[in-house]
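The two complexes that follow have subunit A in common; it is paired with subunit B in the first and with subunit C in the second.
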Partner chain A sequence: MARKNGIPPQLVRLVLVTLAIIALYFTARYFMTPETFGQFGFYRGASLNEHATRPLSFAGKESCRNCHEEALQLVSQFEHKTLSCETCHGPAMSHVIDPETPLVKIEDGSCLRCHRSDPSRPSWLAQISLDDHYESDSCTDCHTPHQPNE
Partner chain B sequence: MITTRVIAVRIVIPPTNRTNKVKSSITRRKLISLTGKALAGFVSLATARKAKGAVRKFMVKTPAPKGYDPTKHKWLMAFDIEQCIGCGMCVQACELENKVPPGPTYFRTWIERYVIKRRKPGSSRARGETQVDSPSGGINGFPPTSVPREEILKSFYVPKLCNLCVDSPCVQACPVGATFDAPDGVVLVDPNYCIGCGFCIQACPYGCRFMHPETGTAEKCTLCYHRITRSLLPACVEVCPTEARIFGDLKNPVDDDPLMQFIEKNKVQTLKPHLGTSPRVLYAGMDKEVR
Partner chain C sequence: MMSAYEIPATDVLPQVEGYIYPNELNLLWGDLIVLYPYITGLVAGAFILASLVRVFKVKALEPTYRLALLTSLAFLLAAPLPLLFHLGHPERSLQVMITPHLSSPMAIFGFVYAWYLMAVLLLELWFDYRKDFVLWSRYTTGPKRWLYLIFTLGVTDISEESLKYDARLCNIVTIIGIPSAFLLHGYVGFIFGSVKANPWWGNVLMPIIFIFSAIVSGIALCLFLFMIISQARRLKMDMDCLDVTAKFLFYTLIIAAAIESLDWIHRLYEAEESIHIIKTLATGKLFVSIVVIQAFLGSAVPLVLLGLIQIFKKDIAARAREWIYFLSSVLILIGVLAMRWNVVIGGQLFSKSLRGFTTYKMELAMASHEGFTMSFALVLLILPFVILWVFLKLFMPVEEPGPKGEPLTRAETSA
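Presenting the complex of A and B:
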């Protein structure tokens, strides 16, 4: 056993140990690397799908169209045509799934969030200063949000 | 030479001593059995993981988009500063859609108000100092500015989010490969592999990332990945009342693509181009003060 083919036994042992370590490394790597790692790059490909399957809160304008076609038609003829329904009415996914679920109630004065006079706002936007605007309890006494220019 | 010396040492140690010494530590038998156990552990772990995956696939119904191929899209967002009215609906929508933790410092998107003052009389500069503020990211809109109207030269709002860099410093900084550039142009974080070291948060020159206080992992804008993969607009774009946020797919432009038209009509810039991050998010109507 001492000197087969002239290779010293301790060298043989060293080589065997090294090979065993390398084999262990590859075995560990094989089992520890996530399944989809490297599918698109140096990351777990399944992560993309995990991000994509998260639940929705906002349903999108097209979902509203399924039932409220008329309201959408009306809004599209006036200045608020660029608004999405959910801009004012809030996230509607739960309402789309179950129409009985009410939407967020729009409070008085929420118009001011966009229309209060502000020097930082672009001049094309209709803005009011509460001091010199007609006095009334509610914006909707005079204005219709779906037809703002009327 | 070395060989003979080692052999000599072996001869010197009496056999009885040697066994005594070895008995107290690891024997060959013990080592082999340990290695075997470790291997068995790996194998059973992998089987368990595979079984878990199979069960999950079978049990959990995902409304995941079937047939969404990330390599066939390239998403991009652009901003028209002239259109932004600073209502903050986008910030609010982002929080509702993505369950962004409450608090004044956690945002995936936010709005900054720039107020550029008039120059002081006799000053050699064309404009005075710039004041930037973003109370709670603009989630509840903006209160009137503290600068009196007559001192304002001009003022505007700048919406911000992840700049979707081509050479993302955050991706380069991540030591575990948990954050990455997806093939469709979105920079994402894999929360299962993020170790919460926070290097990416320091690396982002735009301040677009934060540490989630509950999960302890890095979070950022995902461009509403769960929405865009289902052909919906990101929540912020959906609710923007003035079309100040323009969103599109560079690889699949639709007829009269709003993004393409926006790029065609406007002179667009990116934020901090001198840093070499090659940001992809475009801004039109941006003043030199915007950083």
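Presenting the complex of A and C:
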């Protein structure tokens, strides 16, 4: 292949390939950039709506009050008053929508998550060592979670 | 995988020592992220070896030139795969190039990678191989012929003038390639070095440590492969080439080991608040991988072995030197892998509270998503060797294809 205008043919070919790659990049960029990208910031604007319309799992304490006012009254007088109901009872949205849907069964693990002995926890938090303490089959045999000092 | 919140406390405590924060229980970066800097390091290192021939005109290394470039390319093609498997959504990977955020080192990696692949390695290989592609496309048949024809990009001019031009352009590409190789791997070190919240990582020396360990591992890999391939192809071992490669391996290993020692001496003397946890880590959980494998087997032993050869080369028989080179290269390759492990895994084992440790358990089970992707680490470590094997078949054939009765010699085919 002869030189065209003194430029070696391999260089001409490489320049063409480079231009093709750059063109390919910008074409891909044009077609692959999501439609709402950059609408509000460095993300897809449509993703906000997608997140907002996801099904909810947690209902919040106030939803429980509608039917369980008594239990909330009781718990608000004792140590567990700052906890959300769903901390122990689990996500409750499906139960709020349909009260027939049962909540997660509370097991000893729910109590031990906070009350198992761990030196990194503050000393005012009641903690137990399972080997020394576990006298019964279940925590709730002796303790009332809504009224822990009982 | 369960979040730390869902794991009952009874299952958690055995893997924790001292005090850690809840979100430090599970390591976010596993063995795939160990593999990623290892493979990119081998790419950069192999390229530096090739540039010793091209730019610095080290004649004795010429037999390793093409092998080094092909090794570099084979490993470069495999380099982003650990990241893709780690993220678990490989189909989203192109987004990092399509909508790159300039404050993200990972986004910039996409461009550094593309630059290194297309503007450096492929270009250099193309200029070096152009004449061969043209000749091979003439003398082969079938799909191979088509492959070589495509690789010529339609340029069949192999006049002397044209080849001279190739050589000149190839030199320019290599000169651009050296800082590019440093950039490719320096950037990997930068990613870790810029994490200022982690005293094990956040260190300005990190990119330099990574670059030199990369060069060491790349040269060791080429030395290892050169010996294996010569053996497999029943070629006479080119001792001159081996000696010079090992000499460069020794020099770069001295620099790498010196910089890493300097880092340690500096840390120990400076004795920042993190020094206690770092010392406990290095002498405890990481003792085997950092002291035994990385420092002793991966650095000290090869330094002594290669150093002795530099002094007593004339007194050591060629066969013995071969074995020492082979052993040293394997030890260095394992040592550098251990170094990557110590950086990536080690940096996540201790708590930000500097008061406790968690444990890394490698999952090889297929049952969990994490275990499934982690199992790919081994496959991904073998993959570049498979790619290289294909490259060797295609681009470094045992017998050069030539017109019947006049086989081409090496001297005739190299530009």
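We take it that the second predicted complex is superposed on the first by the 103 of 150 C-alpha atoms of A that agree within 3 Å, B and C clash if a C-alpha of one lies under 4 Å from a C-alpha of the other, contacts with A are read in each partner's own complex, and residues count from 1 in each chain.
Here is the rule we go by: a contact is a pair of C-beta atoms (placed from the backbone, for glycine too) under 8 Å apart; a residue touches a chain by one contact, two chains touch by 3 or more.
The model shown is predicted, which means the values in this text are computed figures rather than measured ones.
Trainee: Give one of first, second, both or neither to describe whether A:Ser120 is in contact with subunit B, with subunit C, with both, or with none.
Mentor: both
Trainee: State whether A:Ala28 touches subunit B only (first), subunit C only (second), both chains, or neither.
Mentor: both
Trainee: Taking the superposition as given, does A:Pro91 touch the first partner, subunit B, the second, subunit C, both, or neither?
Mentor: It touches subunit B, and subunit C stays clear.
Trainee: If you stack the two complexes on chain A, which partner ends up touching A:Gly41: first (subunit B), second (subunit C), both, or neither?
Mentor: The answer is first: A:Gly41 touches subunit B but not subunit C.
Trainee: Does subunit B (first) or subunit C (second) touch A:Leu56, or do both, or does neither?
Mentor: In the superposition, A:Leu56 contacts subunit B only.
Trainee: I'd like to know which partner A:Pro8 touches here: subunit B for first, subunit C for second, both or neither.
Mentor: Both subunit B and subunit C are touched by A:Pro8.
Trainee: Between subunit B (first) and subunit C (second), which does A:Thr82 come into contact with in this model arrangement: first, second, both, or neither?
Mentor: It touches subunit B, and subunit C stays clear.
Trainee: I want to verify the contact counts: of subunit B and subunit C, which reaches more residues of subunit A?
Mentor: Greater contact footprint in residues on subunit A: B.
Trainee: Name the residues of subunit A shared by its contacts with subunit B and its contacts with subunit C.
Mentor: 8, 10, 28, 32, 34, 42, 113, 118-120
Trainee: If you look only at subunit B, which of its residues touch subunit A in the complex?
Mentor: 3, 6, 35, 39, 42-43, 45-46, 53, 62-65, 68, 70-71, 82-89, 93, 96-97, 113-115, 141-142, 144-145, 149, 152, 155-157, 177-183, 188, 190, 192-193, 222, 225-227, 229-230, 232-233, 235, 238-243
Trainee: Please output the residues of subunit A touching subunit C within their complex, sorted ascending.
Mentor: 1-2, 8-11, 13-14, 17, 21, 25, 28-29, 32-34, 37, 42, 109, 112-113, 116, 118-120, 130
Trainee: Which residues, counting only subunit A, touch subunit B once they are in their complex?
Mentor: Listed in rising order, the residues of subunit A that touch subunit B are 8, 10, 20, 24, 27-28, 31-32, 34-35, 40-44, 47-58, 60-61, 80, 82-84, 86-87, 90-91, 113-114, 118-122, 125.
Trainee: Going by the contact rule set out above, which residues of subunit C touch subunit A in the complex?
Mentor: Against subunit A, subunit C makes touches at 8-10, 13, 19, 94-95, 97-99, 101, 118, 123, 126-127, 130, 153-157, 162, 165-166, 169.
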